[in-house]
Amino acid sequence: MANPKLIETFPNPAPQRDYVIEHTHHEFTSVCPITGHPDFAEITVSYVAEKNCVELKSLKLYFHAFRNEGIFFEAVTNKICDDLVAALAPRQLKVVSNWKGRGGMTSVVTAEMTPRAR
Amino acid sequence: MANPKLIETFPNPAPQRDYVIEHTHHEFTSVCPITGHPDFAEITVSYVAEKNCVELKSLKLYFHAFRNEGIFFEAVTNKICDDLVAALAPRQLKVVSNWKGRGGMTSVVTAEMTPRAR
Amino acid sequence: MANPKLIETFPNPAPQRDYVIEHTHHEFTSVCPITGHPDFAEITVSYVAEKNCVELKSLKLYFHAFRNEGIFFEAVTNKICDDLVAALAPRQLKVVSNWKGRGGMTSVVTAEMTPRAR
Amino acid sequence: MANPKLIETFPNPAPQRDYVIEHTHHEFTSVCPITGHPDFAEITVSYVAEKNCVELKSLKLYFHAFRNEGIFFEAVTNKICDDLVAALAPRQLKVVSNWKGRGGMTSVVTAEMTPRAR
Amino acid sequence: MANPKLIETFPNPAPQRDYVIEHTHHEFTSVCPITGHPDFAEITVSYVAEKNCVELKSLKLYFHAFRNEGIFFEAVTNKICDDLVAALAPRQLKVVSNWKGRGGMTSVVTAEMTPRAR
Amino acid sequence: MANPKLIETFPNPAPQRDYVIEHTHHEFTSVCPITGHPDFAEITVSYVAEKNCVELKSLKLYFHAFRNEGIFFEAVTNKICDDLVAALAPRQLKVVSNWKGRGGMTSVVTAEMTPRAR
Amino acid sequence: MANPKLIETFPNPAPQRDYVIEHTHHEFTSVCPITGHPDFAEITVSYVAEKNCVELKSLKLYFHAFRNEGIFFEAVTNKICDDLVAALAPRQLKVVSNWKGRGGMTSVVTAEMTPRAR
Amino acid sequence: MANPKLIETFPNPAPQRDYVIEHTHHEFTSVCPITGHPDFAEITVSYVAEKNCVELKSLKLYFHAFRNEGIFFEAVTNKICDDLVAALAPRQLKVVSNWKGRGGMTSVVTAEMTPRAR
Amino acid sequence: MANPKLIETFPNPAPQRDYVIEHTHHEFTSVCPITGHPDFAEITVSYVAEKNCVELKSLKLYFHAFRNEGIFFEAVTNKICDDLVAALAPRQLKVVSNWKGRGGMTSVVTAEMTPRAR
Amino acid sequence: MANPKLIETFPNPAPQRDYVIEHTHHEFTSVCPITGHPDFAEITVSYVAEKNCVELKSLKLYFHAFRNEGIFFEAVTNKICDDLVAALAPRQLKVVSNWKGRGGMTSVVTAEMTPRAR
């Protein structure tokens, strides 16, 4: 399973400000746990950093690690959300996965971290 | 008439979180109950799951079952909404049907389940 | 002048629910009352039905009846709004007319029925 | 029937050169001779002028004159081709009519004048 | 199997000219002969008429007759080509079928009648 | 300077209703007051009429009058807003000017009239 | 009238090769000689240089000089073709002018220099 | 390495006619042989069948078999061409691979079988 | 590092009104501080002016000054925000940087000035 | 000046076949030799390899080397053509540079190697 330890961070250059960082990976692919057929998605992560920002290349490698994993759309979206919240401890974070068509169906799953008390 | 028993479910992998799942079927077709001519639509279901998620292939087969049914745009949208609410008991659910042109007219029908008291 | 009696209705199949029905006519044409030149528009009607829904073919014929009428953009949009409110007694209704370019100008007129006290 | 005498001309400003003039009317409308329903098309005329060019406003009025004519796609395209060849005596002339969808069908009809011996 | 006798014709209004008529049906659907799943395509017929043109509404009904037929992409394209050549005896005729995605694959099949000796 | 007296009006056909009228001029051009180079913009005026509506052709001629004026983006947007408020005394009015690229920069300026006390 | 002397040149950096240079001016505007209303076009010049290339900024200023000229679509296209052939003595040259809509009509005029004997 | 034996065929339903079959796989992915990073492409195969057509699902599985292969753009395109020519013995066959951007570069490789003597 | 002193201003022509000015630079480029590879972005600045507006050409030159700077996406967005707030003392200001793809990832960073007490 | 020695090659995997390789760099930037302002282009190289193919990463670095060079559109296109012909000795090669707008003008320059005698 894709290891959250692949996610590296660097210090937020503007922690005094709530600003939004959004990264979209256009080439996410994993495998259907039932049929073994490949699935393809566009994954967007948007967040407000606290102390740390996610390093872009490490995020890409973390996404690549799903390439041969069998996992459902709903589960992978929640796992990415949980792994990034654990790695970044952000002020806010949202993950949107947008899945390409399979048999005339497309899907979008959107998960957001539970807001922290401030 | 398309049988709601075709709809299968699997356990929600993240019931602790309100997150949105959206499936769009791009190839819905039914039949006009008056003229017998085929109608074509794109149907989007978006919902917040409680205990169960809809299984994607069974949803497709449920939609396929309308292929030779004579039914109005307004009725089919409300039926899909009712059938999915019955099958999933979701926290929220919305159905949007977007109908292709017929004589220079296109139509969109949007039905949402009555919010549950929480 | 286009006769509102052309508008036919059928019983709302889901009166227990506030859901939105939207019809767009892509081929509306009337005539400029000053120059006599043809005008072209896309007309969208969206409404929440009470007891009755508008029958789609009759709506198209009602729109066709404007073909040789000389009438301003602002007046035709308000007339369609008034005629449909009279015919349907809906919970809500909005008309948007989107007019093609004439001399480098395009126009959009949006009229909504006065909300009813409930 | 739309009168070819509506077509006015002006002298070709560069008769020494074979160059191509193309006018597209985006708002052509006529009527189906069987059902009486309106038809809509985009008409493109492209030609190489000999002595005369077609005056743009008169071409528009000639097209407007089809507004309430009942005529088939194939016939109207050939009539426009014949009328313009008669009015302009051009070196070459082609008419393309591109008809909007009716019941899920769109059509394109393309007619070209018989090349003149030179 | 879709009956070629559904195809009706009317006399070519300009037999003295080789001009091209093209009809595109955007809502073709048939059924996969192996899986029974629905297939969707856009079918374009373009031809040069000899004595007869295809009547548009009959062409639509002929296409509708494939709705519940199990037939391969390659076979349906060649059958439409053969049926229309038999019905119209045209100077030229080409059929292009453009099939929507199924499992990340789209297909286009193009068949043309054998040119007649003239 | 473009004269606001060019703006003509006609009586609002539905003063009992707050409805929105929006006109977009796609071919606005003025001149940079520093370099003398032409500037090009799309100008959208949207308003809720009180007693009077702006007459469309007069609005076009008012816009044409800027053709050879040297004026900044910010100033022209505010002048149009002021001139139309003076001419129409509307319930609400907004002007958006959307300027084409110059040296890799595009600009949008949005000015709204101060809401009236009602 | 726009002065061809505005057109400046620089030496062709690769006269040993027939290669194609194409410049498109997206903001051409002149005036209708009959109505005085502004016309807008996109002008594309493509050519194979002999000894000289056209300097880009001077080409822009030459185009700007048409801003307040009353001139027909057909005449302006041929004049630009003639002026550039005179200024550049190119191996080949073509001018395409693509005019924005006026009353639902758009136009394209294409003029090419007479090929030189080589 | 992806095994050409995965490719299955069925008899050409219209061997008497030269017609074109084109399949596009939108979700091809392989691996860069140098960096190990994933590559993504759209692969189009178009051919004229002799005795056999390629079975669509087997073609998809053959493409899936490249998922974890390290192979260059140029090599994979030629291998697909060779494997399909070997499996189908077609009259003509062309393969186009269209690779998504990597560091601001996109690529297209097009290989065609050597025409057979007929 | 890009010098904020490059930013020039001119007096706000309508200080009595809160209106929005938005400039988008489509050709921003800087350098990745780790790899030295070029990065490309579209930068949008939108603000409500107090006493001064930013002069457009000086803004472009300020952006050009980043051409050979090594700087992260998050840092450059916050620096532009800070520099423009210092130069303009605006009522509101927001900066959005939209970064082109690198290895299948695109990014958007959005920073807004801390609202002033009024 | 960008050094052609940056261009690296690898052996053509299919020298027995004339097939086309096309690489497009979407992020080319150089500097105007007169004004010093940056220019941006999309550069497409398409060629038929003889013994060697261009290595993709080295091609990117070769393009990056123009970043701070002052050079005209016509000259840079011919230089890339000449450098690649020298490095690859291909059977055919074409370079197309497509330059972004500057003052309302866009440009495309297309240079092709002189065909070799075979």
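Think of it as A, B, C, D, E, F, G, H, I and J in the order they're written, each chain with its own count starting at 1.
Note that in this section contacts are C-beta pairs under 8 Å (C-beta built on N, C-alpha and C of every residue); 3 or more make two chains touch, one makes a residue touch a chain.
Everything numeric here is computed off the predicted structure, so don't read it as measured data.
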Result of counting contacting C-beta pairs for C-D and H-I, higher pair: C-D
Subunit C and subunit F, separation of their C-alpha mean positions in angstrom: 28
Whole-Å gap between the CA centroids of subunit C and subunit E: 37
Centroid spacing, where centroids are CA-atom means, of subunit G and subunit H in whole angstrom: 45
Subunit E residues counted as touching two or more neighbouring chains: 26-27, 37, 40, 100-104
Those chain pairs that satisfy the touch definition: A-B, A-E, A-H, A-I, B-C, B-D, B-E, C-D, C-F, C-G, D-E, D-G, E-H, F-G, F-I, F-J, G-J, H-I, H-J, I-J
Of subunit H, residues touching subunit A in the complex: 26-27, 29, 37-38, 40, 64, 67-68, 100
Interface residues, subunit H side, partner subunit I - complex: 37, 40, 100-104
In the complex, subunit G residues that touch subunit J: 10, 12-14, 17, 19-27, 46, 49, 53, 56-57, 59-60
Touching residues on subunit C, where the partner in the complex is subunit F: 72-75, 77-78, 81, 101-112, 114
